[in-house]
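Structures follow.
The following pair of complexes shares a single chain, chain A, combined with chain B in the former and chain C in the latter.
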Partner chain A sequence: MVKKHGRRVDVLAKITGKAQYTNDMSFPHMLYASTVRCPNPHAKIISIEREQAEQYPGVVMVITADNIPGIPSQYKQKPILVPEVVRYEGEGVALVVAKSKVIAAEAAKLVKVIYDELPAVTSAEAALGKNAQKIYDDGNLLCKYKAGKGNVEEGFKKADHIFEKEYRTQRVDHTPLETEAAIAVPTTEGMTVYAPTNDAYKARLLIAETLGLRENQVRFITPAIGGSFGAKNYDAGVIGARSALAAMLTGKPVKMVFTREESMIEGTKRHPYICKYKVGVTKAGRITAMEIDLIGDGGAYLSKSHPVATRTLIEASGPYNIDNVKSKVTLAFTNNTYSDAMRGFGSPQVDFASEVLLDEIACELGFDPLEFKKMNHIKENDISGVGQVMTDVSLGKCVAEAEKASNWKERKAELASERNKGGSKVKGIGFALIHRGEAFGAAGQGIDTAEVQLLVNNDGGITILSSMADVGMGGHTMMVNVIMETLGVKRERVVMAPVDTSYVPNSGPSSATRGTMVIGNAARLAAEEVKDKLAAIAADVLGVLKEELVFKNEQIYSPGKADEHVNYQDMINEIFARGQTPSGRGWYTVSGLDWDRANGFGEAYLSYAYGAAVTEVEVDLETGQVSVDKFIAVHDVGHAFDKSEVIGQINGGVSMAVGMALFEDVDSKIGHIKNTNFDKYLIPTSLDMPEMNSIVVEVPTKTGPFGARGLGEPTACTAAPAIINAIYDATGIRIRELPANLETMMEELKNSRNKTDLN
Partner chain B sequence: MNKINVNMIVNGEVVSILVEPNARLLDTLRDNLELTGTKEGCGVGECGACTVIVDGEAVNSCMILAASMEGKVIETIEGLGGDNGELHILQEKFIEHSALQCGFCTPGLVMSAKAFLDVNDKPTREEIKTAISGNLCRCTGYSQIVDAIEDAAKDYYVYDVCRVKK
Partner chain C sequence: MFKYDYLRPASVKEACELLALHGDSAKVIAGGTDLMVQIRDEDKKWANIKYIIDIGHLKEMKYIKEDGDSICIGALSSHTDIVKSKILQKYAPFFCEASSTVGSPQIRNMGTIGGSIGNASPASDPVPPLIALDAEVKVVGTSGERTVLLKSIFANSYKTTLKVDEIITEISFKKMPTEAKSVFLKLGRRKALAISRMNVGVIVVVDSMGFVSDVRIAPGCIFAVPDRVKIAEDVLLGKVPTRELLVEAGKKVSEEMINRTGIRPSTEFKKPAIESLTTRALSQALEVE
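The block that comes next holds the complex of A and B.
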């Protein structure tokens, strides 16, 4: 017998290799498609010669944008195939459909495209410059927002010290281990597409637009997903639409799977940011004013740049109590791969900047960085940088846990005295603190909604219908837990329906850490509806008020009369006997936030997640190698449905941020990406990861289901600044541009040696 | 090109198959033998998602030609566990320690861990980390994977890997 574990709902299939990911599936008569890509970052297509490829044995068809029956894209969104102007290197201009993947890839090389090369703009600063080459007719400005409160000029007057600093973050690839993949199967009604995505309904919309079909003629099914971290949003729609286009035109099932190189060249990336700060601080260490100027590189197309920009704007002043804040953010179009959400949705960029900034200020003014942040961080009912009254604030608790677990003061002193002994390797300790708005928040009102349905059978079994993608973060398990806790039923009763847009309602994307808060709440409301129906009957039978009833361990009772109870199954039987249905539906929407969009002031998010981290690093002064020895990550999750899973989320988020801090950097200075596979684009291995001490804090919020706060993204926000601050503690070297890779470290170590030699 | 006939033992069964001279073991397992538990994450020998065990050693099947497998004993994730569906101790422990999230790296990691534990009965944490350092995981941060392998090592016994089922 297979042993039952009270763990994630999908593990058995995954651990035995039976889970079906898209590339594991095949269909009779299936064809394979390969993408023809532009080798220039900016070019006009003059002509596409397909004959040679068409004549290659085994090739079925060559497809270009002209063959698209619907539209290639909405305005300024990435086209499925480029009709006229290529805006970044690696964009698809044609498809070759063939009998095997090898033939498709070989023949793709035979499609000759003549281009008229245009000058390329490959940095946000250059794109916003006066005479920059225009990427769109109306210029290169993607968006511009401002926010703040108080009067910074007055604030600076009250300061004894003024600091001006600049920080830069790099372009990072999500690199889920599974690359983009899709299979499209033509049906009599329209098209069925299998592909891994965070957002099945959005991907379906894109496919319907491409094919010129109504949305409900496209059936989108999400098989097992091999990770996303934001990579399988718009990108999934693109590959899904390409395979669907090929399937429609050939009348056969068509599979497309990107190689790692294709994924690196064409897939979305994290927005690179330049963060400029001016800060006023008093002698006593109070921050009086902060002025922030953020510039982000949106790449060639829109994607979700607007909400990413808004989030960075709102969170850039950090979790601190500052009377006067003025911030602005400008995003530019460039001829780089388009930027999109990546685990953190903008937060890691500004958290890096603000957390290193405050560390610098503390060190320069002679404060202990942790004490300095403690003194300045937001407490209950304080006002955020954009004027929001902050409630359920657990920063104090997070700091206390981190301080205790790290033994901060003693360790800092110990490491300092160790360093005094000399040696070629030095150790240091660093701290970081974060706040992070949950879900899309004010900027996403109207789209931040979710529907979940519960199908309840005669035997009391419950099937959850939801389009929520479980990209690996255990979102499905979270929903099962919400249902179990609301109805007091055994885990075995609850199953997840497969994500299939023909049957399940739209729960919105798994992004921005909205799963727990928004979708979890819709699941709770659906369960409440079921509960309500059962309670009405139970109250009748027990002769008590329905509001008094408790649902626990498959029993329903009033706490006052605990010996008199009815059981869940009997109530299910009774409800069917009365000719009614116990099934339920939940709809949750983030609304009612009072946000002044023009001035960036007011209630930005319904709730926030908080976290703190302490890390110890060792720097090899001869090689520049930084190793992370210890990492303490404290996160307030409000309510942990499963501690071991929560710890897994924390560890995973930290590893992604270790990569961002120390190695990951998409090398694309001139719009041409050089590191396209794991031999050159390094992500952390088991040897790069420290021993983790992940600490779960549970201070419930009023908004999440059972008080739970989202967790996926905050975990990726603390490590980069904590590590960079620890490097400073170890070496006195302040890294302001990520990553702190070997070259950067060697360079900085050389500079600092030169400086000491001069002195 | 002339196809080559290869005889090998895959998960305890004798397999005789014609392969293209340039066919990768990975594709032969996935496409011809329908053993899709073995994954492709990079195709260049850098991620370990395609790890299988050949004659007791963990290898990247994307870097090996199927034609070179004559007479070899190959184990994949599908061959783990017993005949009646019980899990291998590593699989048990991976579940117990939440050592998988998206699961795409998991078959490769489990196979690397198995090859390692088959010959190391009392490994240290550092040895475990080194043994799996060729397997990338983007989701878990590795910590719980190391915990799972360390825990599995405690009750580990070497399964009869070479047994040939009828």
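The block that comes next holds the complex of A and C.
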């Protein structure tokens, strides 16, 4: 069922260098703004002295929170400029607007801010402890949720073995190639802002709130985007609002572009998590109960921590059949950079924990980890850890593909016998399995909506109007494919309109892997409306029922009577001739989920994506170096609109997760980030990538357009646990805290040698 | 942001004169892969900088040639020049290997061997092989030219003994005897574009009777200034190499590290890592399992 539809929508502009990114653009009389940042993780602003900066040649204006005509932020959200209390190091307290970028940056150093330093709380555990320094008047608790089913106490009684384990994940940066950037241009109506973002409408709202304008007085345009991975959500609103504020106060266009260091220091990050598990298992290898305690670091502000917390809570028990589950999640405010969406939206943290956990249990009880997971994973109509009846479950198929491609049993035995021969480099194989709720799910009902419009011209050309951001994932190409497949028209007919909030409707954010599922469905519904209008006329002309018509290869006909067809173009001409319009509108909303929020029970998501992975690693026992040699990634996409897009997504997701597994770690123990550029914050290079074998499974869902499932985030979920499990297979050492860098590996290798020496 | 003027002398002599004229406020730039990064970071070391003197175009310092039983390398030779040099591949293959691990292709095209020495980073990759080769450098200043041991150029980490008006123009060393074996090993945090966490260059010569007649062990990243480790070399010199001796030599290197730099938080990692890297390099060179 894999089809090839040709080019990505944005490919020509990008490979010829014609694509315009925000930093490529400029306007007459444009000024530049630079942010004055607080050097302490927690401090009260006593005074801000602007004079020296104002007198610096070329400086136009110094701006502080007092100058904001609207509001600096909603309660507990990150302020555009801090009015009183700075809650993490690097937050913006003032702006310097100048004639050049260099002048703005230099003069920013001359703004003298007097602070009253407050004690900083830099870990979730510390923040939740008794007598912890309060970050907000009502304390440091960001949110607390619980979920589960059955009775874990009863479940533990039925178990023969009880396991208690703890896992920790680190703070990770999104590192898109393009840093945060914005240009604001004042207009007679209000303000136009150009900036890369995942969510144009949300960024516009933030800007309108800052400027004290109505939303429709702000026009938000998204130029080409140089990657996001979740980084360009709230952060895009912040830089957009800062430039807009400066533009409003100076009456001139204002540009801001963050350096990599600024992006590292101020930008959102992945939530670090501590995951504590207690599991009961029978001799036969059935899991009878699982109790989970998750603690997450939300950083200084709210952002999307609530939905991230809910997702981790729902997915923490893994894709397994467990009668008794009890889980809770607690997120704390800390004096760290605020945490937000990052590819996976919480899933990678709990997938790492639960997939390593089950591997550990299997190994300790003498089961093959893959067999053990096969035995326990949910099948069609099984009940999830939060009580949802699971349908369109393709885990069996994913596991089978992974098992076949890796030749799991034989390969595992082969590597074991290779290891027996000795040597300082050893190889091992690891497995991981995932399920992942699509879109925001029950917790996001009411906001998980999308509108898409199709403008159909006299010549049959179709323009898609949607605010969907193509952050590199090929979302626009997906929409074009949905329209083509629904209307049976040629690729050349369909064009994507630029994302401009003055013209395109709100399709919601490109996050939580909701693009294909939610926005794709809105696009499908819009195309269905066009189809319906054309079908009514075609039925009339052909003298058949409109319900039976097929749209294919630019023709419309009744099945079995393909020779008696009408052409798409003729029907377009006809509909206009009749004084009607073929244009259509689609609205999709995730609703009707029966979810008990207080108890965390019921229908959590409309649908799920599934995946499995097998990886082979080589560990250098003498230096601690880990090399990921091979990676088999199996993902059920429901329906592949474009296979090369799917494989590109998988490779990209795996590379991010290799970074999370082995290198990446924002070094910020005392609230001060030390690795602020790519010389010290290491991400994988192409040479660190394993040999990839990406396998596309297509088991359609009832919900996605053409049965498609989302893919962007699941791809980043399997690699960390699979790699850590493979390291165990190779060495017998179990890494429970990411990343498995040189130091961690050497320490664990030493510990395990000491242990064997004692025995 | 540091502000400075850019000067472009027409010869080495003129460059030295400019250095003499501007003293501490001037600095030469070759490939700029270290200097530009440090200036952008506003490294305190360059707080006084007023002039950048570009020597990158001075072709007279870009060569690799044989001179009797020596090899001479112009200081402006890029890492790529070194990797590709047939002469070096023949007489100092581990030096080519080390240079091939520097950064990325772009960095290797821009970065020069003179810059690697001038930067004096303890984590340099091409320097340990040169130390193992007992390389010498030719230094030119306004008062003339001198040739000194490369080792003596390093004063401390990121500090050289060069006088303000001096420029390194050439690096030279004696050709390794044909029976010599050399190995360079590097431990980075990832497979490419990684600054060494640890590295080592070794040369060994085994005589016809199977005894080690020459051995040089030059580890990187563990001393403030690069050096050979005599106490480790002595373990092997005059002996028939065995696995035990190689392990012993590795231990001596870490002992020397602790002697010179004391115990630090990183020692826990560095000690076993440099021991195994050294032992591994020696065992590859000596083909001892």
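Quick note on the criterion: the second predicted complex is superposed on the first by the 754 of 759 C-alpha atoms of A that agree within 3 Å, B and C clash if a C-alpha of one lies under 4 Å from a C-alpha of the other, contacts with A are read in each partner's own complex, and residues count from 1 in each chain.
We adopt the following convention: contacts are C-beta pairs under 8 Å (C-beta built on N, C-alpha and C of every residue); 3 or more make two chains touch, one makes a residue touch a chain.
The shown structure was predicted, so the numbers you read here are calculated from the model rather than taken from an experiment.
In the superposition on chain A, no contact is made by A:Gly92 with either chain B or chain C.
With both complexes placed on chain A, chain A has more residues touched by B than by the other of chain B and chain C.
When both complexes are overlaid on chain A, the residue A:Arg260 reaches chain B alone and has no touch with chain C.
In the superposed pair of complexes, A:Gly17 makes contact with chain B only, with no contact to chain C.
Looking at the shared chain after the overlay, A:Gly648 reaches chain B, while chain C stays out of its contact range.
By the document's definition of touching, of the two partners only chain B reaches A:Gly226; chain C does not. Contact with both chain B and chain C is seen for A:Leu687 once the two complexes are overlaid on the shared chain. In the superposed model, A:Thr175 lies in contact with chain B only, and not with chain C. In the superposed model, A:Asp679 lies in contact with both chain B and chain C. Look at A:Gly475: by the touch rule set out above, it reaches neither chain B nor chain C.
On chain A, the patch touched by chain B and the patch touched by chain C overlap at residues 679, 684-687. Residue ranges on chain A touching chain C, taken from their complex, read 102, 105-106, 424, 622-625, 627, 662-663, 679, 682, 684-688, 741-743, 746-747, 750. Listed in rising order, the residues of chain A touching chain B in the complex are 1-3, 5, 7-8, 10-12, 14-21, 23-24, 174-179, 224-229, 259-260, 471-474, 642, 644-645, 647-656, 677-679, 683-687, 689, 691-692. Interface residues of chain C facing chain A in the complex, by the touch rule stated above, are 1, 37, 187, 189-195, 197-198, 268-269, 272-273, 276-277, 279-280. Interface residues of chain B facing chain A in the complex, by the touch rule stated above, are 30, 35-44, 46-47, 49, 76-78, 80-81, 84-87, 91-92, 94-107, 110, 128-130, 132-146.
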